[in-house]
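Note that the chains take the letters A, B, C, D and E in the order they are written out, and that residue 1 is the start of every chain.
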Amino acid sequence: MDFGTIIGLVAGLGLIFGAIMVGGDIGGFVDVAGLLIVGGGTLSGSLVMFPMGQVIGSISVALNAMKVPPHNPLRIIKQMMEIAKKARKDGLLSLQSFKSSDRFLSKSIQMMVDGMDQNVIREVLSSEIHNLRQRHMTGAMFFEQVGLLAPAFGMIGTLVGLVQMLQNLSDPASIGPAMAVALLTTFYGALFANLICIPISKKLEIRSAEETVSLELIVEGVLSIAKKENPSIMKSKLTAYLQPKMQAKAK
Amino acid sequence: MDFGTIIGLVAGLGLIFGAIMVGGDIGGFVDVAGLLIVGGGTLSGSLVMFPMGQVIGSISVALNAMKVPPHNPLRIIKQMMEIAKKARKDGLLSLQSFKSSDRFLSKSIQMMVDGMDQNVIREVLSSEIHNLRQRHMTGAMFFEQVGLLAPAFGMIGTLVGLVQMLQNLSDPASIGPAMAVALLTTFYGALFANLICIPISKKLEIRSAEETVSLELIVEGVLSIAKKENPSIMKSKLTAYLQPKMQAKAK
Amino acid sequence: MDFGTIIGLVAGLGLIFGAIMVGGDIGGFVDVAGLLIVGGGTLSGSLVMFPMGQVIGSISVALNAMKVPPHNPLRIIKQMMEIAKKARKDGLLSLQSFKSSDRFLSKSIQMMVDGMDQNVIREVLSSEIHNLRQRHMTGAMFFEQVGLLAPAFGMIGTLVGLVQMLQNLSDPASIGPAMAVALLTTFYGALFANLICIPISKKLEIRSAEETVSLELIVEGVLSIAKKENPSIMKSKLTAYLQPKMQAKAK
Amino acid sequence: MDFGTIIGLVAGLGLIFGAIMVGGDIGGFVDVAGLLIVGGGTLSGSLVMFPMGQVIGSISVALNAMKVPPHNPLRIIKQMMEIAKKARKDGLLSLQSFKSSDRFLSKSIQMMVDGMDQNVIREVLSSEIHNLRQRHMTGAMFFEQVGLLAPAFGMIGTLVGLVQMLQNLSDPASIGPAMAVALLTTFYGALFANLICIPISKKLEIRSAEETVSLELIVEGVLSIAKKENPSIMKSKLTAYLQPKMQAKAK
Amino acid sequence: MDFGTIIGLVAGLGLIFGAIMVGGDIGGFVDVAGLLIVGGGTLSGSLVMFPMGQVIGSISVALNAMKVPPHNPLRIIKQMMEIAKKARKDGLLSLQSFKSSDRFLSKSIQMMVDGMDQNVIREVLSSEIHNLRQRHMTGAMFFEQVGLLAPAFGMIGTLVGLVQMLQNLSDPASIGPAMAVALLTTFYGALFANLICIPISKKLEIRSAEETVSLELIVEGVLSIAKKENPSIMKSKLTAYLQPKMQAKAK
């Protein structure tokens, strides 16, 4: 579980609403019409923008991103080294019985065991990483664009409120509260974008980059095994992905 | 039909105008001069920016994007597998009689049947995809740029209104309503850009990316057939474009 | 002639000034000092930014862009097909007498007739397209940057006006008109940028992309002739640049 | 030590707070709730955005960047020339005993001494530089994104303050001070972003580019030694990285 | 000398301050504290951002850019043609005595006379151009970033002024002048960025692009001589860099 995301969301909302409550009544910050304009407008805009399936699936994309186990390149390198040793000792076919919960690793090894050409293996696996990355980027782009729509509809809501207030200036006492309500939609849009949408978009990008490194390590390793390269060369190639500190650990 | 776009547009406009009517009279939000400045200015700017044919054709581009059938890579892969099996069993020439409603697929297979060199086939089809993508990007860019012009002319309209109001401050009672009218053009520009232009621009980009994947699947498949590759290799290459869940279905 | 640009400019200015005149006196929107700040400041900034020759030549660049004949890839493909047929029938040397008003086409064919190596022809022509594109991009960048400077100097003018107004609040009756004058420079900058500079910049980019396609068609065709490729292959290669609808026409 | 960063931070804060104190009491610029909204909101957003380890490690990343010794390509070139001379005189194996505090240089030479293939050496070292660069870019991106979040939460804080002020306009005397407090969060966000986050992000990018040049010099040199190229060719290749003035010094 | 830059700077400042003086006293636009916040803050931020040497050297970078002689590709092409003729007539070694004030040209010819391999010459010269370009881009980036910092510190100064004014509203007569002073820092930042920093940044980019073309012409020419290509091929390759009008002159 990715506790950072949850801590960030809870702490951020807690801080903002705590600050509001210290300064007065929280009721003054709730405006149903304003929430409808910002929330509904942003949702409407995202339906025009993205295929409906993606809009519906976006929440599960965000939740999945939080469930991803932490990226552990060191563990993958160790696993690839063991597979390489086994292949060297007992032959490639001994990997026939290899099983892993990692679908990509299983598939890569199966292709090698099936005797596919190195270039085909590289082509297929690179294509799979490329297409995975495209799908990840679409997920990150969804939250990025929603993070642009929300402040825009916040401003639209504020414009609606200001126009209504200005058309009706006869009662000076109502100007302040009416303007306060008008500003609330800008507040909703800014908070939704900057605490939720934009950060989730970036986290999806970062998770995708990490996962790509994991998959590239598997591809490099499998190709090295298929080429029957010396394990020390394979180790050099794989540890090049690690930080200097972790390279020492891999030895 | 792409119902998401229509639902999004109707719901978005409904919400905003619903919120306006709850807060008062909708008549106060209609200003013909303002609509002319924003609509006419944006149209004028787009005529300076784009060739006239593209401005006129933009509405049909947007409508076409909504008519596109949903992207179904699984169906294409199955079709390519069947074609590959037929070519393997009855020879390439048996595809002479192949007919498909998909122009690109028919053309690709015809080139193969005509005995064109693999490299020429790849070059021609890649060039066609590249040029299609350029045209799609131009369509998306049209709505993106209109989505930038509209708020700009909204601001220009507001400036015109503010200057006129400020030159004539003698009657304090008219200040509020005059400023309300001035703000309306900013409202029009923001709504037009964020509910219609920018989302349609993004949807055109997404549709183009999906269509590109469909065409790339056809190219990969046709080249694999032309190379007389083993169908299992072709299947590995094509399913690499699918999500893991759908890869299982393809088996 | 590119009538779209002229219609857009005339209609846009007509609309804005029409709306101004409906709302009051146009005289209130003319402020010589403000025009000097925005126009002079933008010109000064562009002189710091670009070589003087380019600043002086920018107007002719913009005018030339409007004179460009419409892009007609179909006509070029037909011409290249005819040249290919002649070369096939009468030999490459029969093109010695070939003459065209298109400098690039003449040069390309001359190189071929001179017996230059295919790779050299491709290198020289690609380099020429690349350098042409660089020059076009510099022209588009000029108007893009001027489109950023104009609103900036508009804002600078407004700041000057506001500071002068605020230092002299003794006469309340003068506040409104003074602020109106201050806002005028922002109006000038926004209008100049969004109706003229940014749209012209984009149109130059689009014209450049179209011209590039024309030149690429010539290069593809000439190289295909030089390689003595089958005309049907050349046709496949060239029509790949066309929209599906126009591909049918090319047959 | 990178004194520029420290001087810049101290001078910048000194100037701003000096200007504040000249104009009045510094106490009026301290608002604990506002500091909590901006600081806490930015931290919360960054926890949603980045893996927790990176948020915690960011301060050490920033401090490390200041400890980096100045980039000295001339020294590296001289060192590589000496290594090349030794390898030429005493053979590659004489480098077995080579020791350097520079981990990357030691590793590169060890690979050469181990007799690894040139292409493998190039691949491993390029991969290491590429992955180092990715990690550096992630560090720079952290401060870049925090530099966007801080002004956003500054604006959110100001909106909270304005809404509270507008709901409570009964006491005119409190309007000014309440608005002053509301503006403080925008001030905090802008100062934090523009004096600290964005500049540190850029400095990390520049340090990364400098370090990359150092590593590329080592790779070029090692590969030149492995290829047994003439030292004068190696010198030409390496000095091409230097400014003309420093090229003269390298002779 | 690049008179455009000087004319632009003098004319721009003259216009703005002329407009100020027409509207009132220039003394009202001088605020020492404000100048310190904008100038000092921008300088401080740039010290955090860039290595100290680069901050100090930036003025000479800007001055050097103005001293650059105008780019004259035609002259370079003529010179390269003469060198090629001499090499063809008297042999490569006859260039031993070749001397030029252009360091890059001398170096290129020396490498050729030294009998270095074509590929090494191309590699060394491309690497030198690439590294020169990186240094130029860093120079341009300095002024670009300073052009972003200046308006930011302008806004920070205005916020400081507004907060101080709002905390002290007791004397209504002082509100106007205090707000005027507060706005001055925004004015300073905008003027400094848009008349000086951003335009100089762009001019450095343009000069760099021009110089790159000059160097690429030399590389193309030298490689053509080294390959002993026909001078007419060399001429075709080099004139491809010229505008059509100038291509005619080169004949």
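To be clear about the criterion, a residue touches a chain if its C-beta (ideal position, glycine included) is under 8 Å from a C-beta of that chain, and two chains touch if they have at least 3 such contacts.
Keep in mind that this is a model prediction, so the values were computed, not measured.
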Subject >> Common touching chains of chain D and chain A >> reply: none
Original post:
Counting in whole Å, what is the centre-to-centre distance of chain B and chain C, each centre being its mean C-alpha position?
Top reply: 24
**OP:** Could you grab the centroid distance between chain C and chain D? Build each centroid from C-alpha atoms only and quote it in angstrom.
**Re:** 39
**OP:** Any chance you could list the residues of chain B touching two or more other chains?
**Re:** none
Original post:
Does the chain-touch network form a line, ring, star, complete graph or other?
Top reply: ring
Original post:
Starting at chain B, then chain C, how do the chains run round the ring?
Top reply: B, C, E, D, A
Original post:
How about chain C: which of its residues touch chain E in the complex?
Top reply: 33, 36-37, 40-41, 43-52, 55, 103, 111, 114, 116, 120, 123-125, 127-128, 131, 134-135, 138, 145, 148-149, 152-153, 155-157, 159-164, 166-169
**OP:** Note which residues of chain C are touching chain B in the complex, please.
**Re:** 2-5, 7-9, 11-12, 15-16, 18-20, 22-24, 28-29, 70, 173, 175-177, 179-180, 183-184, 186-187, 190-191, 193-196, 198-200, 202-203, 206, 209, 213, 232-233, 236-237, 240-244
